[in-house]
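Same chain, two partners: chain A is paired with chain B first, then with chain C.
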Partner chain A sequence: MTSDVLPYAPARTGRKILGMSRYEWVQNRWFYIFIAPWFLGFLAFTLFPVTIGVLMSFTNFNGSNFQTYQFVGLDNYREAFTQMLSSGDFWHAVTVTVRYALITIPINISLSLFIAVLLTRNIHGQGLFRTLFYIPSIIPVVASVWIFKALMDNNYGVVNSVLDALVPGTYVRWMTDYPFFVLVMWSIWAGIGGGIIIFMAGINGVPTEFVEAARIDGATNGQVFRLVTTPLLTPVIFYQFLVGVIGALQVMTQPILLAPGGLKSIGTIPPRETYTLMIHIYQESFTRLRYGYGSALLWLLFCVILILTLIVTYTSKYWVYYEVNPQEES
Partner chain B sequence: MTPTRSFQRLIEKPSLYGVIIALTILVMLPIVWLLISSLKAESDFMKWPIVWFPPTPKWDNYLRVLTDTRFDFLQAAFNSIILALLFSVPNVLFSASAGYAFARMKAPGRNALFVILMATLMLPQSVTLIPQFIMYSRLGLVNNYLLWFLWGLGGSPFQILLFRQFFAAFPRELEDAAAIDGAGRLRMFIQVFLPNAKPVLSVTFLFAFSWVWGDWFNQSLFLSGDKATLAMKLASAFTDPRGNPIVTLTLTGLVIYAMPLVLVYLLMQRQLVQGIVTTGLKG
Partner chain C sequence: MKTSKRSRQIMLMFALTLLLVSSLIGPVAAQTDVNLVVMVSEGELSQAEIDAFTAANPGITITRIDSDNTKLAAMVAGGEAPDIIRGSGSDTSSLVERGWVLDLTAYFEKSTVLKPDDMVPAVDYFRYKGGWYGMHKDWSPDQSFFINKQAAAEAGIELPPVHTIITYEQAAEWARAMTQAQGPRVTRVGLAYSDYWDGNVQTILMETGEDLYSEDFSSANIKDNPTVVAFLTLMANLAKENATFSPLNPSPEWVVPDLLNGRAASAINGYWIQGGFRGAEEPMVAPEEYVMYPALSWGGEVSVNPALGGAGMFISATTKNPDAAWKFFEYYMGGDPAITRAQTGWGLPALKSLYSQIPTTEVWQQQYLENVEWEQANTIQTPRRVNPYYSTDVFNTVWNANLERYLKDEITIEEAIANLDTEVNEAIAIGKATAGN
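So, the complex of A and B:
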């Protein structure tokens, strides 16, 4: 705001506040006061830690050498790449995490889209079914993971009992031999509810004129879905995909809680099949006290997420259909 | 409608309901199994071949979980409630104030700040894990509930966005009328906008509360000992005095732990669904 649009601004300039004249400050101060808690929180809990984290990744900081730590240049990053080439634990954790993301995200999106399509097909009790499908997402992770442990238990699990009834003598040690499968099953069960709600809103939001116009042209249900609904849903699918990638690459809690054994703490190491990247980073930092190296791994994870986000965003113009200008006023 | 078309509809509908009901049953079965198991005696739960239903439901499992001093369930539940309130009350209040500012006020730098807000929404939280831990241990905030209060003061991008969306739709006249009556920005926010924002206030409060209630990661990273919450306690199985796990009682505890969230969801689902749809995120 300059004084030529505000002719009554006092000529006296005086002290400046936040780079604004006194008049401008009085005009705008409430905005800054109202956002101050959030902004200070952002500085303290995001910007400051992020900066420290970047710096830390170039040091040999071990959690106690506050006075004597040294900058080691790119050593931590070099070690990460060596680990990758020599198929070390880091590389193993990367493959587990990527496999988890590649399997769960497409299944979650397509299954929740499929169910959302079924539920929006003019049936009775739409709301009731939607409610029931979302309940698994409401249940806290500690509880839902326990449910899966009880269902899939080697000895007293329901799944083994049913299998045994169908094919006598079948006995699968799910929790110890196939922990990755159990993890994937959990993530589908607990994850589709949110997707269903969002896709249902998307489908119900498709203008009825579009559907009616297509029907008059003789389109079948399948054609309406493929040629009208799906293109209009692509922005939603795109967003769900991004959020899914960001979440899946950081997965840590569920493998720990699913690990066999009674006592669970944040330092619990799960079976090798579900040893994810975040668990590896936690172990390197908090157990082996290599905070510098751990920070470097966190930044590599961040870069991967960022690059994936950019790739998906860049390619989105080829498959995401925007009805309105995406740069709409914020 | 041609005969073939109506015939198609006739068989299409039942099969549609069939698929939906089958999927619903599949999704609900684990929860039903949790409820049944919570009423079993441990010996019945461990039996092979499986005992599908307990011969007599053991309702006193619930009483035992709540009263057995060895499990300390009520203390942990109390801790969880305190922790969740310490976070949610300031979180809702200051998310509302920031959302209000972004929706109804203009000032230099507003758009840049909004971009920052959106960027933090997409920022992977784990990036700040190590520095935050070091910071808090230097400040004596480890094993301290104050940490959750401080997090709450900063609001959260997700909630701010919900409030911004809601306040942006407020009629301009309401604001003008209050301004003519001489209300300043603060009074307008407290006496006009907040009282009219009850649906969002309750949704955001529920999101914030259930985020802390269900969060195991931050609690087990920063808390220990008698500060332990329900999430931390229930991550490990309850044990008998000889140290053997008692799975049924653990499952009973989990029902009590998850039940409040599910009940509130069932009561408030219309508003909650709206909140999820608005932001495209799942709480």
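So, the complex of A and C:
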């Protein structure tokens, strides 16, 4: 038997390697060649470091005790639970992070949906407004935080200058007295742009015949939005919510950069109001030189995020409506 | 078509082989030269200096990489530590405990460029457990007291003669008087200082021969030491009165622009800031407005003003070319680069013979240098003891976090100090355990 493609005929039967015969390997060789660079990179730069992180979480590695580090079993994890149950920095960081997530996620989703609805109307300058709302999202995080800091600085910020011009003598210590508010404001300012674009795509993807049918039946604009558009947007809301949860629980860069006085050293910590869980982990790892304990905290955070993701995904069957129900399809 | 596919496969294999061989040729060819990897920032080792060294030392090439502690740890872990490492004198004990740096005692004893009797006492920072591991590229007493003459006059302060040892209490009183505000906005704090809290505490304890740490570094005595408590309380209350920068009223930059832009009327800092003064373009407050005094004293009788660390260099314990590394070390520490550094005024040379290179063209530069020389002869210059079991960043960040809470009236000063004591001692205990001690 000869092949039109190959000068020889690999056997289609015989010993299988990784579930595929030699013939199948040969047939699929270009696929594996093309994904090899990504796969090798994944092994080297993702799987390997992650594995090292897991192993490190069971040691007392401090970043330099290569000869003297010891396996400590579950001590790091036990300490994490003990710290969480006490009223120390760890618990405080958890409460700050949860508070941040509970505030920013609903605001970001609802505000970006609201603005997306406005922008999908046929208005003059739609493209300009869309661009203006989106620009903060494409500015690199560090640059946008510095911009925001320049706006909100206690002594030299633009906001205080404007307030002082309007009401002489006004002086608000935004960065030191209201750091959480500043962080939330930045998150909204920088975060809604992406959500707006995604929601606009979702809104534009609602089949017009559904809307027309609803209008024929006498539905008002509000009813159309509530009973037709929103249910069909639930997959987008689901995605935004999931991404929002994952991002909010890992917030770190922005509070550090917003710390009053700037990033002076590895020991820079933001005000207590914005002392998030990732910052606590960062401090434990790089200031207190407890890489092992820091790894354990990171893996606990990973588990929490994973559990939340699974919960949200599981419950999505009760509130996410797809245009074509995958279960009915099958 | 079969031939075309086959020949493509052969060509691909040939190309890969060529790539592999060419990647090997490079390292093989380079092995005939000694290549030293020097971890130091670009501003501290210029290309011209590198070129001058390589021209004078054929067969030795220099590769400079930026100084970064995380990168250093990774390189050490990978067995590819830089040959020469930039670090502070206060890093010596921890680097030696980790086994990262080479004992250079034998090299120093034989050197005709870096002579032990030509070294300033501050170089003792690089000695640990009988070994000598490096030296400063430049250093400075770090706690001298600078005060704006005009601001003092405006506040009705009559400045004492230079060389007067001023107490912390006196400086605090002056700071309160010189602080300016426009309504709730503080436009000028009376006193600025760097967040080297552990260093500040240690130096005032050294006045009476005390120490922050126990003999074996296994603990720190903070909340039970009246001097430490009184000092931290004084500084915290100054912050509460907005007479100093604080977590609630932070400096937007650092001490040199703060002084030159009139945001601070006095400062505790080192001689080395005069390098920043020299480079200032059109400052709001001219450098000559600042007079330099010896370090503030807690008790009022003696002043302690060693360097808190000082920047310097070590040679890696795993360098494959220790002799070549020493050649570069000698060149950098005693040759033209050292002369150039001394001439910039960003610090004092570690070699007394280079003191003649220190800039003194301006009257204020002369006064600063004269004050330094007076301090070296009349104040305690003994290097402070550095705990090898934890990072002093812990002390500083924990204190700043508790200071913030105190300033917001969330905790009392006693609680803030107690928290500091607890967390510092926890960090030391953990560090000692992980170091295998």
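Here is the rule we use: the second predicted complex is superposed on the first by the 282 of 330 C-alpha atoms of A that agree within 3 Å, B and C clash if a C-alpha of one lies under 4 Å from a C-alpha of the other, contacts with A are read in each partner's own complex, and residues count from 1 in each chain.
One rule holds in what follows: a contact is a pair of C-beta atoms (placed from the backbone, for glycine too) under 8 Å apart; a residue touches a chain by one contact, two chains touch by 3 or more.
Just so it is clear, the structure is predicted and the values come from calculations on it, not from any experiment.
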Contacts for A:Ser64 in the overlay, against chain B (first) and chain C (second): which applies, first, second, both or neither? second
In the overlay, answer first, second, both or neither for which of chain B and chain C A:Asn155 touches. both
Residue contacts with chain A in the superposition, chain B compared against chain C: B
Where does A:Asn108 make contact in the superposed view: on chain B (first), on chain C (second), on both, or on neither? neither
Chain B versus chain C as contact partner of A:Thr46, first or second or both or neither: first
In the superposed arrangement, does A:Leu289 touch chain B (first), chain C (second), both or neither? second
Which partner does A:Thr276 reach: the first (chain B), the second (chain C), both, or neither? neither
Going by the contact rule set out at the top, does A:Gly169 touch chain B (first), chain C (second), both, or neither? second
Considering each complex separately, which residues of chain A are in contact with chain B in the first and with chain C in the second? 63, 155-156, 262, 264-266, 286
Using the touch rule from the top, collect the residues of chain C that touch chain A in their complex. 2, 5-6, 69-70, 73, 76-77, 98-100, 183-187, 195, 245, 247-254, 390-391, 393-394, 396-397, 400-401, 404-405, 427, 430-431, 433-436
In their complex, what parts of chain B are in touch with chain A? 13, 16-17, 19-20, 23-24, 27-28, 30-31, 33-34, 37, 45-50, 90, 94-95, 97-98, 100-102, 105-108, 110-111, 113-114, 116-117, 120, 122-135, 150-151, 153-155, 160, 184-186, 189, 210, 213-214, 216-217, 220-221, 231, 234-237, 239, 245, 247, 250-251, 254, 257-258, 261-262, 265-266, 269, 273, 276-277, 280-283
Residues of chain A touching chain C in their complex? 7, 60-70, 153-156, 169, 171, 173, 176-177, 260-262, 264-269, 271-272, 275, 283, 286-290
Chain A contacts chain B in the complex at 1, 20, 24, 27-28, 30-32, 34-35, 37-42, 44-46, 48-50, 52-53, 56, 63, 115, 118-119, 121, 123, 127, 129-144, 146-148, 150-151, 155-156, 158, 161, 164, 189, 192-194, 197-198, 201, 236, 239-240, 242-243, 246, 249-250, 252-253, 257, 262-266, 278, 281-282, 285-286, 291, 294-295, 298-299, 301-302, 305, 309, 330
